[in-house]
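Each remark here refers to the structure printed beneath this line.
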Amino acid sequence: MTDDVKTSIAARAARELRPGEVVNLGIGIPNLIPGLLGGGTTVFLHTENGLLGVGPRPGEGELDPDLIDAAKQPVTALPGAAYFDSAQSFAMIRGGHIDVAVLGALQVSIAGDIANWAVPGKDVLGVGGAMDLVVGARRVIVTMTATSSTGESKVVPECTYPLTALAAADVVVTELSVFRLRDRALVLTELLGDATVDQVRAATGAPFEIDLEDRRAA
Amino acid sequence: MTDDVKTSIAARAARELRPGEVVNLGIGIPNLIPGLLGGGTTVFLHTENGLLGVGPRPGEGELDPDLIDAAKQPVTALPGAAYFDSAQSFAMIRGGHIDVAVLGALQVSIAGDIANWAVPGKDVLGVGGAMDLVVGARRVIVTMTATSSTGESKVVPECTYPLTALAAADVVVTELSVFRLRDRALVLTELLGDATVDQVRAATGAPFEIDLEDRRAA
Amino acid sequence: MATANGPIEPEEAVSLIRSGDTVMVGGFGLVGAPLTLIDALVEHSDADELTIVSNNIGEPGRGLGKLLRQGRIKRGISSFFTSNPEAVAAVNAGEIQATLVPQGTFAEAIRAAGAGIAGFLTPVGAGTLLAEGKEEHVVDGVPHVLERPIYADVALVNAARADELGNLWYRRTARNFNPLMATAARVTIAEVGEIVSTGELEPESIHTPHLYVDELVLSR
Amino acid sequence: MATANGPIEPEEAVSLIRSGDTVMVGGFGLVGAPLTLIDALVEHSDADELTIVSNNIGEPGRGLGKLLRQGRIKRGISSFFTSNPEAVAAVNAGEIQATLVPQGTFAEAIRAAGAGIAGFLTPVGAGTLLAEGKEEHVVDGVPHVLERPIYADVALVNAARADELGNLWYRRTARNFNPLMATAARVTIAEVGEIVSTGELEPESIHTPHLYVDELVLSR
């Protein structure tokens, strides 16, 4: 996956965010979003290790060993930021106080089931806050390439990887398209770049409905 | 009940407290304890509306409308005091972090059951923190007169008033004696003032064991 | 859900409360109670058939006691109705329904609602009148009660200080139930003593982060 | 349970940990981790067969990663073993047992232990591998998992500042699990950056009141 592809996915996901929303960004593609928000769009970034009001990466001399995000990377805090403990942070998440979670996934099913924390038979030792976020956030936006590095579709009839949560995704953004979950059905709502419906169909290992009401992305 | 009787009960209860303990005091007799502690005995007073480190009643000019105890009376806060919300305050209580609760009761059974919040058939509309305190505090000291204003024994075979909690009392201090609950049995351990075992027996509507190991109070 | 447009008037704030709503009201007695909002609710709203979640139903003719006198409370959920004899009388006369909850369970159930916890096991109340009709679970030989969250449509809370984003700081024992209630309602309205510039509150000392606060109102 | 006699040495502090104990260790990664206490545990204690409750098992050769290399960890309860590949290898080789818990459930279960809550219902994890063997309850049509508290014998926490009574204040994101763990163990040992005079911490800003703290140790 090239940086261009990642950036294009992140840029489209960024356009799902509305001013004033509280947003939690997963590692990878979602973390590109802050740099891609339009000037007028101010969102409040929440990181589950206990900070609302995450600012940009620190410049030289700004590094604070007590100030990291959930990816354990150094961050800054904006004016009006608040710190809290992990129980309070996950109370915010589980209690529905985070407007949007943007996160990567290994698979998303046509019912909106998400698998994003483990590969079967190995690596089932790190879940972090993934399950809490996809269950608790009011809207869950999945950002991922349409297919895996081995060419397999990540949109599937049913997840074969260990589940993160059932029926949790609201929006799926890939480099080709935007899908939305409506009434528990997967609907293609937008083609991105030069992608065609046939290309999306070829890259998607599961049936979907089509309702191209959204304008084609610039 | 005369003030002298109240004071003598409170004074004996005060001697149950050890330096450094965290203590929650109910209204009535327990509230006399702070004035009766020996100079060497420093305890930390917790009030369930959200303060650890309750100080004396405020003098003139010290009154702060934001600073009350659970009886809704004005208090002060000592250096090192901490404020917290009600969920945290009751987490302390229920979680076993309060060493001692001293409270009044309408009845205590020989199994240590306590009834202290309601009279049958009326007044079952205010429980406050009573149930949390008797369940959660590590030691529960009941302070009460041996008999009610109508002459009925408050130590009973079984509570007939609505229960606050089962098997919750550890010590019962009246004007006549000290009882301790040992292996779920009620044991008379100390006679107070000039009281005799016969007097205690006459005032107590239930059987009890006798083990007068404690020294007679001065 | 920051409060982008500055404080609103109490009259506008209480227009968010509709008949039949469940309304949480902060405070322990009158300390930490949002008295400006309560007065606005009494004077500038017709909402009735309200369920009030508050540790007390005010005092006679004060705080929520005013709303009680107007007959607009259908049900109270409290740990201590007794602090207002008129509330006790109203319950005994069948004019309002009363749900009495031990104070720690009351606090925890409100926290649970805000924290996405659908139920919790507490030993408090087990074997008593207040456990009647509730599921009992024995854990390690000790009877526990399964308690459910207490949600609200609107929470009216009181804080000494807010910043422009809606972060809140409470003073002394005026904190009590306010931070919990701020998390447990669809709409949270905070009455505050003052609004300081964003950045003036110490980030480690903010008791209620702004994502819980929908509207700010200045105390009168 | 105030700390009447001033701070103790780290070596004395870790002598309170015995073989077979469950030990909670604060920190998110190494941020907010009590590194002085961990080093003392590594260098001056023989306690083994330990169950470690910590969000991570350190990093390779750092923090709890040192204790792991000594083979003194019997079991880990964590949300993210993956941050230490040596911990993952030890689990896969059967050298340590691993209990993986979603991070919010991990935090809530520790809080529950400190708060006298014997169980709670969360929707998180329902229908996944991590709910296997746990009681499921359907609430309003949504599957929930009944989770149990996580207790410890000893909690090792880290705070920027304490007063002489043991009240604690945490700085920035170094707070994380520390205030929760301070409530959930029989014995809580707080490693602190400095100890100020009693009365110097703002009473509204104390994150861990001193009744949770048994011993203070100064960071080295």
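By written order: A, B, C and D. Residues from 1 in each chain.
The rule is simple: a residue touches a chain if its C-beta (ideal position, glycine included) is under 8 Å from a C-beta of that chain, and two chains touch if they have at least 3 such contacts.
All figures in this text were calculated on a predicted structure; none of them were measured in a lab.
Of all chains in the assembly, those touching chain B and also chain C are D. Distance between Cα centroids is largest for the pairing of chain B with A. For this pair, chain B with chain D, the centres built from the Cα atoms lie 34 Å apart. Per-chain CA centroids place chain A at a distance of 55 Å from chain B.
Averaging C-alpha coordinates per chain places the centre of chain A 29 Å away from that of chain D. For chain C, the set of residues that touch two or more other chains comprises 108, 111, 115-117, 122-123, 170-172, 175, 203-204, 207. Contact of a single residue of chain A with at least two other chains is seen at positions 77, 83-84, 90-91, 93-94, 136.
If touching chains are joined by edges, the resulting network of the protein chains shown has some other shape, matching none of path, cycle, star or complete graph.
Under the contact rule stated at the top, the pairs of chains that touch are A-C, A-D, B-C, B-D, C-D.
Across the complex, chain D is touched by residues 108, 112, 115-123, 137, 139-140, 142, 144, 169-172, 175, 202-205, 207 of chain C.
Chain C contributes residues 28-29, 31-32, 55, 79-83, 87-88, 91, 98, 100-108, 110-111, 122-130, 160, 170-180, 207 to its touches with chain B in the complex. Remark: chain D residues 1-2, 4, 111, 113-117, 163-165, 167, 183, 198-199, 201, 203-204, 206, 209-212 touch chain B in the complex. By the touch rule above, chain B contacts chain D in their complex via residues 19-20, 22, 44, 46, 52-53, 77, 79-84, 90-99, 136. By the touch criterion given at the top, residues 47-51, 64-70, 72, 77, 83-87, 89-91, 93-94, 118, 123-132, 135-136, 162-166 of chain B touch chain C in their complex.
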